[in-house]
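In this document, chain identifiers A, B and C correspond to the written order of the chains, with residue numbering beginning at 1 in each.
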Amino acid sequence: MLHVVLVRLFSSMLVLVGIVVVVFLLARVVGDPVALMIQPGMTEGEIGDLRRALGTDKPLWQQFVVFAGNVVRGDFGLSPWQGEPALGLVLERLPATMLLTTCAMLTAFFIALVVGAVSALTRGSAMDHGAMSLVLLGQSVPNFWLGLMLIMLFSTTLHWLPSAGYGTLAHVVLPTVTLAFFFMARLTRLVRSELLEVMAQDYIRTARSKGLPPALIFRRHAFRNIAVPLITVLAVDFGALIGGAVVTEMIFAWPGVGRLMIQAIGQRDFPIIQAGAFVIAVAVVLANLAADLAYAWLDPKVRFV
Amino acid sequence: MPGSIQRFVLSDNSVNPDRFRAGRQARPILPMIALALIALVVFAALCAPLISPYQPLQGSIMNNLRPPAMAGGDGFPHLLGTDILGRDVLSGIIHGARVSLLVGVASVVGAGIFGTVVGILAGYFGGWLEEVVMRVVDVQLAFPFILLAIVIMYVLGRGLLNVIVVLIIASWPLYARVARAQALRLRTSEFVLAARSLGAAWPRILLRHVLPNALTPLLVVATFAIPQMIIFEAALSFLGVGMPLEVVSWGSMLASGRNYLEQAWWIATLPGLAIMLTVLSVNILGDWLRDWLDPNLRLA
Amino acid sequence: MKLENLLAMSTRGTVAALAVAAFAVLGSPVSWAQSLGTVTIGTHLDVDTLDPTQNINTHQRWVYRHIFDPLITLSADGKVLPAAAQRWEQIDPLTWRFHLRRDVKFHNGEQLTAAAVKLAVELMQKPASQARSYYSRFKEVRVVDDFTVDLITDKPFANALILVADYLLPVPPKYFAEVGAEGIARRPIGTGAYKFVSWRRGDRVILEANREWWNGRPKADRVVFWPIPEPGTRVAALLNGEVQLISNVPQIQVEKVKSSSAVRIEAADQGALPIWGGLVVDREGLKDKRVRQAINYAVNKQAIVERLLQGYGRAMGQPCSAQTSCYDATLMPYPYDPDKARALLREAGVQNLSLKLHFPTGVVSNGPELSQAIAADLARVGIKTEIIQDEWKVFAEKLFDFKNKQANLGDLFLMYYKAGPTIELVMSTVLVTEKNWNWTHYSNPKVDNAWNQAESTVDAAKRTAMFKEMAAVVRDEAPWLFLYEPLPLYGVSNKINWKVRADEFIYVEHMTAR
């Protein structure tokens, strides 16, 4: 057990180092950061000062060492666009993104649980077919289009919900649905198939033959058995969820990390791009690590290759 | 999201295989409809210049924002209306099919070949090669796909080829992982061991024994990846970093129509519908293909 | 709502009630009914920083103007009015003297003195400041005494006051020493009618009335700036009553706003941000003025204005926009005449002309649609185009790349400029041979002369004559594809009176309840 934990921690550390390298290269590959800060009328001397201040007059490896050192201290430099430490700007937007992704995840989770269970229980019925068709549809709708359609229906036509922005509970609904849709479909499928598998197990059959009501069997046996794979998939999907959040935030003017990063890319604000990519990547790695460890802990049969 | 495609395929097959068959046999008609739809899209893509009523990029601005099925000024009705610049939406959708299919297929083939080669080599030889490849894959999967693609697009600039390149760069780890798992499994299989003991060189073993046996899961993964790539192209174009303005794509049509949702719903709605139906069809066929190829398929 | 906010509000309510009572007794000129309450303004752009010395974009200055007071300010018709400075005078051709009011205090109690003016100018001259290119013209700020300050220009400069009005916003030196530039950027303290309350980046800036304001009681209790980039959402927020004023109503949404009885459209009668196409005149194929004229005849800007802008725009045929000092009302836009364009191209012996059409994303409004409409029109007269779209930062890099003579800029690039009081500064830097915004490389001694003389000429009639000559020459030589000035559209709640100003400045003190 300890061995597994150590191996996972070590490989996560390796990935973190890789992330720092990629994040560093991101900005350097794109171009000279100083060139973007030059304003008309600046003298060569001032440009030189800027260059020295940013350290871009040094060889690449030296720049990397400095960069990595700064990253360890949480310093990604000042954002030229907003004139403040980049990491702070990113962290400031993190709660909005976390709110959106958490809401989406919970929504997807609970709906999947209900629909998947009903589908599994009534396997082969019209209801099952309907649910599975919806699932297929859910996996086929591009979320940006879904978002626009939801705005058109609930906001501009029916005036039930605000079309964008951030602030009240009503603002959360449409972005959450947009983001949750794809994952809801995936999870529903998973719940259904896991439940079907569990229900084929001997102890469930035994419980059934004893005449226990299906609802009780579900509560007592089935759900406990599907919890592990479900939670694991949720954690593992975290990265994809954040990716989806980027698009969702753009549509709904949601003040999260994703929208900040898209704006920063437009502004060529590398400190923010770097800090944002780093924070997101670290979050994904942590989520995966947590999932792996939880999996190992809940299900001792699992061994990592 | 390519990671999730793989996991999706994995998770869905880790259960008794008969569960979907029942459904499918009850409705054998669904894959047929899907196939017909895909055939239609392919036909539109191949014969776009012949069947589209107008040039997709030409239009008169004086003729703009016409609703669907209303007679246009040019004597031929704009069946699906016109956009803000007076361009025919139907012609745009027909031509857009080319871009979507091209991007979907080319990026999957490119990423599939590259990822498979790397993954099989890593899985077969193991050691440091495997370590390096798997770490690179891990690092890359830590960055959300769409974010990675956006950043690379900003470096490369808009363009059809660039979108394909970006999708290949961003999705090869998917195939590398599956291929490696297959190679790991096959490395110790009897027929590979036998071939090795007979003195076969490794390229021959990989080509003749490992690859053919690893192909089925890779094909399934690739089938599910095509719709994803189509969606990603649309997403990139939608965010304004995908296709240049001179290339008609469903994603960019949708992006330009979003500003006029209330005044001209058809500009954004119809290309989105096209994306959805195409993706849905491929997904349905993918399901069917998976069961048909190997109902007991396990990828891990 | 948080408890502390509720408490804060109820205290304010009590204070306000007391104030009403006091006014009732004393016979106040301002009755309670006229208060605007909370005014929320939905803007199309995010606020980047609250440091008024670093950013001079109009939509940023909307916010700054409420927190800070300028030395002098401009009226709607462009007259210079006193603000924190009660008087000013030009004591020699280079020196402008400002006499500050003695009763102006910053929100932290600091007295407004000449040092605050000096600090602001120095900060505006820093390399990263957007004001730098303008403010480098002030070579010295001399503190005469606590309430007298001289601004000294490098050479005689007729428009110096225009640069000071509403731009130069004094910054409190003591507070600045405490918190630095970052502190000002995040928690600004000024002398203005409204105090800073809170700001979440990407979200609302909230200000509240400064009861100790030197210039009387602020019109609103609260002013909120709320960036809502998505146009449809902005309009929806106005219609729902969430905001009272929105900037940049998309032309296509005008009908929707008009259909509501609670809100209305306010259109400016002139475009604050005219859009033009620069033709780089030393590029192969564009050297002949007939080709450049042909391009002007080929593009149907009237149709673009009518269909794309829904008529809320004015086609242009000269560099200066309508109602600016250098505009000549007798010069008409080039008519749409593709046959003439083809003839001119034939005459010039140009065949298979192929142009790179370049535009920055987001900065030129309707850029994608406009560029494609231009490309379609040019295709009809046989000119091929390749459209290049860049993010503003990238585009700007190519625009300001003087070392390589703008080699990476497209042959035809779409740009905007800022009309309004500063137009002469803008025009001269764009059109005069050696000036640093002359991206088209256009050079004509007559035009150069007109601008260089106008800069130091005070006689209005002479200036007008010079501008007329300049406009006619530029129209004929066509270093630009003259396009149009979009008329800025604002959506306004019917609860307030407010008109769009020529400089598109939004200031709640200009509003009244109705």
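Just so it is clear, a contact is a pair of C-beta atoms (placed from the backbone, for glycine too) under 8 Å apart; a residue touches a chain by one contact, two chains touch by 3 or more.
Nothing here was measured: the structure is a model prediction, and the numbers come from that model.
Note on interfaces A-C and B-C: more C-beta pairs are in contact across A-C. Here the chain at the heart of the shown protein, by mean C-alpha position, is A. The distance from the centre of subunit A to the centre of subunit B, each centre being the mean of the chain's C-alpha atoms, comes to 21 Å.
Centres computed as Cα averages put subunit A at a distance of 39 Å from subunit C. With centres set at the average Cα position, the gap from subunit B to subunit C is 45 Å. Along subunit C, residues 232, 361, 391 each make contact with two or more other chains. Residue positions of subunit B touching 2 or more other chains: 154, 261-262.
Residue numbers of subunit A whose C-beta contacts span two or more other chains: 151, 156, 265. Interface residues of subunit B, counted against subunit A in their complex, comprise 1, 3-4, 7-8, 11-12, 14-16, 19, 22-23, 26-27, 135-136, 138-147, 150-151, 154-155, 184, 227, 231, 234-235, 238-239, 254, 258, 261-262, 265, 268-269, 272, 275-276, 279-280, 283-284, 287. Within the complex, the subunit B residues that touch subunit C are 57-59, 61-62, 64, 84-86, 154, 158, 240, 244-246, 256, 259-263. Remark: subunit A residues 35-42, 46, 50, 80-84, 89, 92-93, 151, 155-156, 159, 162-166, 251-253, 255, 259-260, 263, 265-268 touch subunit C in the complex.
Considering their complex, residues 11, 14-15, 18-19, 21-22, 26, 29-30, 123-124, 128-129, 132, 136-137, 139-142, 144-145, 148-149, 151-152, 156, 186, 189-190, 193-194, 196-197, 200, 229, 233, 236-237, 239-240, 242-244, 246-247, 250, 258, 261-262, 265, 273, 277, 280-282, 284-285, 288, 305 of subunit A touch subunit B.
By the touch criterion given at the top, residues 231-232, 250, 252-253, 255-256, 300, 303-304, 306-308, 361, 368-369, 371-373, 376, 379, 386-387, 389, 391 of subunit C touch subunit B in their complex.
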